[in-house]
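A, B and C are the chain letters, set down in written order, and residue numbers restart from 1 in every chain.
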Amino acid sequence: MISHLELIEELYPICRSITGTGVRKTFEIISKYIPLETYEVETGTKVFDWEVPEEWAIHDAYIVCPDGSKIAQFKENNLHVMSYSKRINTSLTLGLLKEHIHTLPDHPSWIPYRTMYYDRSWAFCLSQNTLDSLPEGKYRAYIDASHKNGSLTYAEAVFPGTSGKEIIFSTYVCHPSMCNDNLSSVSVMIKLAQELANKNHRHTYRLLFLPETIGAITWLSKNEKSLSKIIAGVNLTCTGNRAPITFMKSRQKTSISDKAMKIVLDDMGLLYKENDFSPIGSDERQYCSPGINLPVVTLMRTPPGEFEEYHTSADNFDVISEDSLREMTSVCLSFVDTLEKNNTYINTYSKCEPQLGKRGLYRKTGGQRVNQVSQTAIKWVLSYSDGHNDLLDIANRSGIRMEEVVSASSVLEHQGIIMRISK
Amino acid sequence: MISHLELIEELYPICRSITGTGVRKTFEIISKYIPLETYEVETGTKVFDWEVPEEWAIHDAYIVCPDGSKIAQFKENNLHVMSYSKRINTSLTLGLLKEHIHTLPDHPSWIPYRTMYYDRSWAFCLSQNTLDSLPEGKYRAYIDASHKNGSLTYAEAVFPGTSGKEIIFSTYVCHPSMCNDNLSSVSVMIKLAQELANKNHRHTYRLLFLPETIGAITWLSKNEKSLSKIIAGVNLTCTGNRAPITFMKSRQKTSISDKAMKIVLDDMGLLYKENDFSPIGSDERQYCSPGINLPVVTLMRTPPGEFEEYHTSADNFDVISEDSLREMTSVCLSFVDTLEKNNTYINTYSKCEPQLGKRGLYRKTGGQRVNQVSQTAIKWVLSYSDGHNDLLDIANRSGIRMEEVVSASSVLEHQGIIMRISK
Amino acid sequence: MISHLELIEELYPICRSITGTGVRKTFEIISKYIPLETYEVETGTKVFDWEVPEEWAIHDAYIVCPDGSKIAQFKENNLHVMSYSKRINTSLTLGLLKEHIHTLPDHPSWIPYRTMYYDRSWAFCLSQNTLDSLPEGKYRAYIDASHKNGSLTYAEAVFPGTSGKEIIFSTYVCHPSMCNDNLSSVSVMIKLAQELANKNHRHTYRLLFLPETIGAITWLSKNEKSLSKIIAGVNLTCTGNRAPITFMKSRQKTSISDKAMKIVLDDMGLLYKENDFSPIGSDERQYCSPGINLPVVTLMRTPPGEFEEYHTSADNFDVISEDSLREMTSVCLSFVDTLEKNNTYINTYSKCEPQLGKRGLYRKTGGQRVNQVSQTAIKWVLSYSDGHNDLLDIANRSGIRMEEVVSASSVLEHQGIIMRISK
């Protein structure tokens, strides 16, 4: 089995942006590992308040110094060119050039990552050290890029179930050569898809690989009619560094996603941070916008913008670890498992306890002080299967691990003591 | 007046089980002290998902050792025979005999208490020390017991009131010679009944003495029609040891019982533990089953199963104290008192304060900084008698002792300022 | 501009009571500074459960000692006579005189403040030291006072707006020469009125100067029909000493007043105490009585009765400070400001985020980690402008200062992205 890090290594060199060949190449690679369907949405297509932008292509870029040497070469590091920069080929003084240069003075050896999608300009991103070393003189700025009508590309890996209900996982694929933001999450989604392909599941799982913001907006716009099927969802961002998991609730706050993710993280015994919904972040801003309001929670480690290497050339392989990535994939799988097994039941023997003994569900000798956890779970399931509580609620209320609550419910359902209701 | 401990001493020697002469003898003794009505429900009667079991009778039991000596003599300690053991009279090796013997290896001198109501088998309970001392050889196991059609016996002490509303107290009488579990609660209920007999009360108080589980189920099944009268209830279990009180809420969580018990314990200044409802315990499992869902809270000291001597021969007079028992009876009486005095009122002068001065309800000289608690209580009662809050709510909100809130309301009601509404 | 302390100095000497010339003179002085409308309500007028009392007039009062010297002279300190004392002119022994004397044994040099409005009696208030120095002998008690039909006087300063909604500020003017209780609040209201006179505002602000209790009851009785216009209110009491602010919630608990006052105090960075509503205090007892239940919160520093000098001659200029008073006025003004700017909006682009960039509301270069607070505020306003949350709710949820939330909403409203709804 390919590792998360190997996947990231393969995807790392590609220069991605919100449209264009970078994203398409990325999807080609991903589709070697999982079944992937790609969609092209034409430039100019109206998507809610937005329009699909022109497609950006970049072939080469560099700055020629007064002595003829080249710096800021796109072919060396694709962060050197501000994403969506326009074509330029001009001579200019160092002073004028500097107006088109971004650096990180606090981290003089790092190259920043900058974008300007919705305004036509151009810029280079350099290390502060490089900038400081430049002598006065005549420079040439060269960017061989183009903007033209084309399309925005996104992809779905769908694993259909029979319940008529959908769970989405979403992450963004528009960032160039950076690891934690966000090849980490791309790799987690690929590994998750590989596992889903080998699993029986009653719900449909739809894994979305999108350009950030405009991609999520495009997808929501094109799929508005079927959003009502979605009972839960997870947005993934910056999932690979060595920090503990941060789980941000959905705007709905008490949705199935919120309940399930909490139980998953608790039952896995992970230390994690739980944040209320905030509309400052990644694509959950769209999924949880007030008119969409999907039950989508966000999984990350250090939130974007809060780790030092965020949006710089230092967000490289040093920042991420296979263990962090593997753990995140496990969380997602456990979330799937939890949703697969969650149900709402009605206790059909709700007046007093049913006689468990005659059904073989009770220890024979009474009076012993034994830690019979499954009997405890059985009693909790019986007591709260009143149609108002699902198994997640019962696990939460009782403090019993979800898997034990599920076992208890399955024994009781099999015996006809509790009855599944659709919720 | 007879003490709790004297009552327990009188009841202690009897071998009780869920049916049979032990329970009947127990009721005979109790009825010397309080008016008690007993009910017999025939073997085979369907009670919800259960059936009233056959009646068990035991006359004698012992093990004859290879040297002819007798051990595990029922007549010495009725815990020696597993409750509901079937008749046996057989010779067997020590090896085979051991399959029918329960001990407590961690407490080698204690005899365990074991039951097996719904499966026909037999067993002896010995101290580990005794078991260890047995030589190889031929043994005879002798249990002179029988199972036959008969009936299950329960008893009620009813103190009728006029309000049409009922409060139940319930405890179980099926345990043989053990003190904290549960003769403690039987003695508390007897003392409570003696006090109720001498009290004016508007509500009906129904004190239930039942075999655990099957007795509560039987009673609920036979009284299903009139459960709607019950506005509050207390289940008592293991109330006599020297630990602080544990108060477990009802499944309803915010019922009158829950509010009143909290206020009683707070106003008595007791240190106590407050637990959310859990369906693992005693007869509240039936009273609070989802289809019954009565407002029944549970009073105990150390919860059953959590004290070392639980279900062993060590649960004897060393474990309990008259002080603990007396305090528990006081809590029950105070609970009665609180419910008797609780009402919901409407302030008929709800627009601004009524003029208390002209009704003699206000200190004459203004401006003094005096701690006039009853005026404080009057103001709280006026402010929150809006039909949504009963006196319990007002006591809880204001932090004022219930008795002061009651005094204030009674003065205000007498003056026609607040009006009782039925709730 | 006149200071708070100068206002208090001017008002201090007057002997006020719940009716009579003291209150009228007070209003004359106040109306030099702000537009004030006074109202007279005749003795005997029925106001809810109360009646407007007779008017009390006092001209002189003193005690003549055996040696002919005068003590407890009203003209030296108007606290010497219990408010509403009846006319007396009688000779009596020291023993009998003492039955009509109040002192403060714990503070032997202080004179207490006492009242007896609804019972006809008479009394003097002395320092304990003076009382202790009195020799046996014949004394003459002389109070030249009268009770006759007249009227109760209250005053309003109204600053009309156009929204049809009203905010009230209320304080009481019936206390004689004491500073913190309550000339402090009178001065705060005057300064607030001066500011309101120079402000544009959409809501109507009604500032009430009333005798405590009977005045508030009278005002509520006469204005019952228009109470529904009141969306918020503040009662002021004891606002001038050097302690931190205490903010007591309204009986409604979650009204606009409650939300706004919390945000004002938080955004001003003040340390303050927040209390739940309690019906023990000042005129909020009437405003928040269950049949009136206005959204009126209370602002004070040390609550009345809890500071040492309360209702004594020591409640003088040593107790209060201009800084405390000025801060309180700022809180009131900020409360006004907050209510003026609060609105409930609907995000008309609620499906995904609107494209802020094309409207000039987004930084052009993406990827930079800048602390762009106003964009954060914009996103919170968009996310929670769903018709259920007003700006106060959004400020509270986001932890962003109200003024930033307001700025964000105003930009978004101006661009037609959010729409104001009346709430």
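Observations on the structure shown:
Convention: a contact is a pair of C-beta atoms (placed from the backbone, for glycine too) under 8 Å apart; a residue touches a chain by one contact, two chains touch by 3 or more.
Remember, it's a predicted structure, so these values are computed and weren't measured experimentally.
Fitting chain A to chain C on Cα positions gives a rotation angle of 120°, stated in steps of 5. Interface chain A/chain B: under half of the residue numbers present appear on both copies, so the contact uses mostly different residues. Note: centroid distance chain B to chain C, computed from Cα atoms, is 54 Å.
As a whole-number value, the distance joining the C-alpha centres of chain A and chain B reads 54 Å. Multi-chain contact residues of chain C, defined as those touching 2 or more other chains: none present. The part of chain C that touches chain B in the complex is made up of residues 47-50, 82-83, 102, 112-119, 121, 123, 213, 216-217, 220-221, 224, 251, 278-280, 285-286, 288-292, 305, 310-311. Within the complex, the chain B residues that touch chain C are 347, 349-355, 357-358, 362, 364-369, 376, 379-380, 382-386, 398.
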